[in-house]
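Take a look at the following structure, please.
As written, the chains take the letters A, B, C and D, and residue 1 is the first residue of each chain.
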């Protein structure tokens, strides 16, 4: 890890320190809020970390999240008995959608940006064909997952920690993780080294799909209803978090910890700007400047677009 | 039945036939060399064997069994391992990770066993005396270092066939020798080594038999013992190569270029019309010196006796200093752009007027220089990545010439170039010198340095250790100086 | 007609929200990047300034993201506001967060274009979109003399506005058997998009007699497309709202008119909130009525020297957006 | 004693390249466009009417003009996601400066273009002297510029378009070709020429293809980066003016999402994130593919939701067809997605 790769932690620490000066910020409840609010984005960003590390990109996760939110709430309709079925439904749908994207990626050989731009549009069409307004209700267990507490600690951040740890171990300690890095670092060379690059790519898209499932469950639990626009824009926020976290958009270099730190940074920024009562227009400017500042400090890669 | 039996193998690319019905048979236990001019089809043949390319037609049998590798992995599993001509290591990963990529040792939990990974790498590197740090990031190694990683990787695969595609082109003497030792040690009845090189001395040293390819067809297979080098050259390029005439040194004109050096001599001086050769082992610092002359690193420099500061290669070019890189893949080629655009990339200012490129002038200039270098390409508009390695080298050499240099710094100018074209490049260098260009020649082919240079400067560990003038340089002394054991050397 | 009268008329017990001044008022905006909302917010600020018991107005902007609006409401609660005014991105989605506020004794007032009946919403200061849609539809049908083929241009699919307006149109059509709805399109409150969609509608349908478009901003785009196709004469434009660009169009063409979507609803919301904080009993819904402005009387509303993206309002000059 | 092997075997004529080096690849996206138009014409005869087709070009003009700049940036190996925000800002600023007075038009347009160029310049400077990811950096610029727009305008799109301004741009020459459409096509043609024949254009490809090699070849990448991003900002501002001309003052977010339409068009047109390939011609075709797709599903009268779905499928199929046409270049057996191998490059 190079020094510049740690930029995000410095930025995060600075913002945290500055935030500490605001009295309301220091309450534990507020901190738990920030962590809970950021959970869904964090999960999506974890999935996107795999995809981007592999040198790919997945724009479809936002709408996939939306689809899952709508389906989970509508199918469950608030009934607790439906918890297990909708969990399976969500995970199955996410994995299935990811598998299809992976398959199309390997077969059609379209740039993943265009491919997932297309699947994003298709998924959006499906969501809105299904419903154009909020439907159903999330079962209590899923609401608990998103908003509840376990032994006094908020559940969603715990889940994120668990998933992040899993993702970290997978990426750094398993053969699959190394292959993800390798394929991202140069797919022709990885293939020459005997790696089945197609399989790695497909798996990575499945992981991204599953992360959309979990993210969708968290959003469903938090909103309580199946809001069809629920996932809009998540894909971009996730990509921003991943890249701010030091993962190179060309693939091959990056880390889970950086992604998590970047998600926290984004969540904190929102929270702090709100607490400071800054007008939302100025907030927008400040957020833009923070993103610019963070990427300048962090510098995850070369001078390329996708770096 | 032969150990490896290839029959009627053909490979066509859109617009080019790289292999055209090649037959080849080789035995276990032999080192079988493959030679031929640039673009003859050697690499293509090796890539087919390694499962990277699928053949258009033909059959391959290994130990009598027909094989058709659809992926490199399949070839690896069948015991075919390869060192590619162009390095294929992953720059973001460490040496150890690269060597065992796809075959990482795991613990019982299914996690990668990092300790074993590094231990095994260490053991492998020690066994073959490869000077690499298992934990180093490959992207930070020199080309030579990367090549050693490739070699280590190929060696770590218990192979039935070991393919080496110009392994020595980027290595310098010590590594070359080490590699030959390794090859000698590996020889055994169950291993076939296929060896591609343009360095004929090497081939005569290690190969048992030689197959000559020309234009994608096999010319012949002969036993090394039955052949003289000159015959081989004739077989390859269809004519004989002249001996170089040593040059008269230019009379005591003032130096065109001076630079401060560490060590002895403390200064580098080159006169117009002079060729200054650099010799040294890998990592001796010759390339770094060349790069600073190109404006990539700061250096104390005088041009025509006046101090100048170069802040960028653009500055250097403006002063007439042209640098030909040794790392053609990473900082030489514009992979996806056409041959012509690659050749004229550095000469655009002189080829354009009011910011508009004069396309016809550009095409004429590019075509002229590339023809002179005997470029083999299906068209000037073909992407340069389609060219064989040697032809790519000719393109970037052509690029340097098109800049009309006053001072030409060539780092490994003939890397991967066939004997015929080498000949041409030597002629061109001599001609430039005759026209008054000052030439700095960095090369790991000692013969080349000795044959062309007026003076030879030997470097070791980043410092100059000795300068030989005129006829005083010979292979033995230069080598000893480079390795630091010649009495009188600093 | 309109939303169920019984619920609107229901009396809210406000004793538990009673509090002594000064008050901090929180505004949880679902979005601010829209000129109607900007005017509505100015009305809120203006009204707040007229009450010295209001010490502060805190505004958050969710930027169309319901998740962020939930977070914003939580932030407002943790800042100890005494009253929350809001307009939702999605009303169902923020109910749990609003309920948290209500449980903590913070009254919540829905402000804008829809009535919400739910434990998280203490009261509503609202414009009835169903009534508005109905008014627009009937005026259109009247101008069309009760028959012909129409297209509908609606805002973002799935929003309350789009859903209620379409429902009102369909209901009204039941009484007009000779009106035929050719197509309902969603122009996202976007003038350029409405224009592009209409360009295609014009290709698809050789004859369009009327356009149902309650949002003036989109009506302009629609009308332009008709005009460029040389088919403006054949069509009857429905009333839009008091969007200044549309008012200018009406003034110029002397047709269409407007059914208002009053921005002063923001002011009413503040007053309503103060009554709750005083413990006065209030109705669950305070409807701010829409009015029809005929093309003839449009000149009293249109402000020709103001931008298109502007609203005819009762705001004093110094409180109008700068 | 000259033998066959000795003769150099370069064929210097460019004609050979036309026959040989993949004109199919180069024009693949146009082939796809024509095919799609054919299908569209079967579905609705609107696609056979010149006036409708030119209307479509006019619709595409605001995004299209900006996409030209994005193409140049991406050929150089960068990317510019701030164009949507610049379009929005430009539309607002131009209208405010016009203030309903025809006499202000010239000054308003000049000032708007200057502001666009200044934002591009800032992007360029930040990217040239840092190694931050342009993707994120320009996204950050976009957010900041939206913030500026909001602060400047207070949330309502202030400003009044001058009389004559919109009329001029929407005037149909010969009763057929709108000035706006013509301007877009002219801008694209000029950009295509610049890219093909100038040193600047050539430098974009060289730096995009291999920045390290370009540096060694004496190119000044930092300067080029600044110039190109500035140009992109300028063209985005021009796109904003085009948008204002097309639809009048509408909102402070009028250009929101345009950056992704532009990006999709550019990538569909064969310019990649890796840089060094593609070009403006492909972008125009890619953009038209997108607009034909959206208009087709719309004109078919499909339900809005189904429109999204079908548009997505069309994008994937068009792109797959395009990749199929160009994939003859693929040499390693069954590699990965080729990420487009077309050689729009010189």
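The rule is simple: a contact is a pair of C-beta atoms (placed from the backbone, for glycine too) under 8 Å apart; a residue touches a chain by one contact, two chains touch by 3 or more.
Just so it is clear, the structure is predicted and the values come from calculations on it, not from any experiment.
Enquirer: Closest chain to the overall C-alpha centroid, by per-chain C-alpha centroid: which is it?
Expert: If one averages C-alpha positions chain by chain, the most central is D.
Enquirer: Once you count every C-beta pair in contact for both, which comes out on top, C-D or A-D?
Expert: The greater number of contacts lies at A-D.
Enquirer: Which integer distance in Å separates the CA centroid of chain C from that of chain D?
Expert: Roughly 37 Å, centre to centre.
Enquirer: Centroid of chain A to centroid of chain D, CA atoms only: how many Å?
Expert: 29
Enquirer: Roughly how far is chain B from chain D, going centre to centre by Cα mean, in whole Å?
Expert: Roughly 41 Å, centre to centre.
Enquirer: How far is the middle of chain A from the middle of chain B, if each middle is the mean of its Cα atoms, in Å?
Expert: Roughly 45 Å separates the two chain centres.
Enquirer: What residues in chain C touch two or more of the other chains?
Expert: Residue numbers touching two or more other chains: 32, 157.
Enquirer: Indicate the residues of chain D shared as contacts by at least two other chains.
Expert: Expected reply: 150, 154-155, 304-305, 332.
Enquirer: Considering chain B alone, which of its residues make contact with at least two other chains?
Expert: 52
Enquirer: Have a look at which chains touch which and call the overall pattern line, ring, star, complete or other.
Expert: Contact map by chain: other.
Enquirer: Using the touch rule from the top of the page, what pairs of chains touch, sorted by label?
Expert: A-B, A-C, A-D, B-D, C-D
Enquirer: What residues of chain C sit close enough to touch chain A in their complex?
Expert: Against chain A, the touching part of chain C is residues 29, 32, 58-61, 63-68, 70-72, 74-75, 78-79, 89-96, 157-158, 162-163.
Enquirer: Residues of chain C touching chain D in their complex?
Expert: Going by the criterion above, the answer is residues 32-35, 37-39, 157, 183, 185-186, 189-192, 195-197, 199-200, 203-204, 217, 220-221, 224, 228, 245, 305-310, 321-322.
Enquirer: Please name which positions on chain A make contact with chain C in the complex.
Expert: Against chain C, chain A makes touches at 24, 27, 29-30, 33, 37, 40, 128, 131-134, 143, 147, 219, 222-225, 227-230, 232-233, 270-271, 274-275, 277, 279-281, 283.
Enquirer: How about chain D: which of its residues touch chain A in the complex?
Expert: So the residues of chain D touching chain A come out as 73-74, 77-79, 126-128, 130-137, 139-148, 150-151, 154-155, 211, 221, 225, 260, 263-264, 267-268, 272-275, 303-313, 315-316, 319-320, 323, 327, 332, 335-340.
Enquirer: Which residues of chain A touch chain D once you look at their complex with the stated criterion?
Expert: So the residues of chain A touching chain D come out as 4, 104-106, 108-115, 117-129, 132, 187-188, 191, 197-198, 201, 236, 239-240, 243-244, 248-250, 280-292, 295-296, 298-307.
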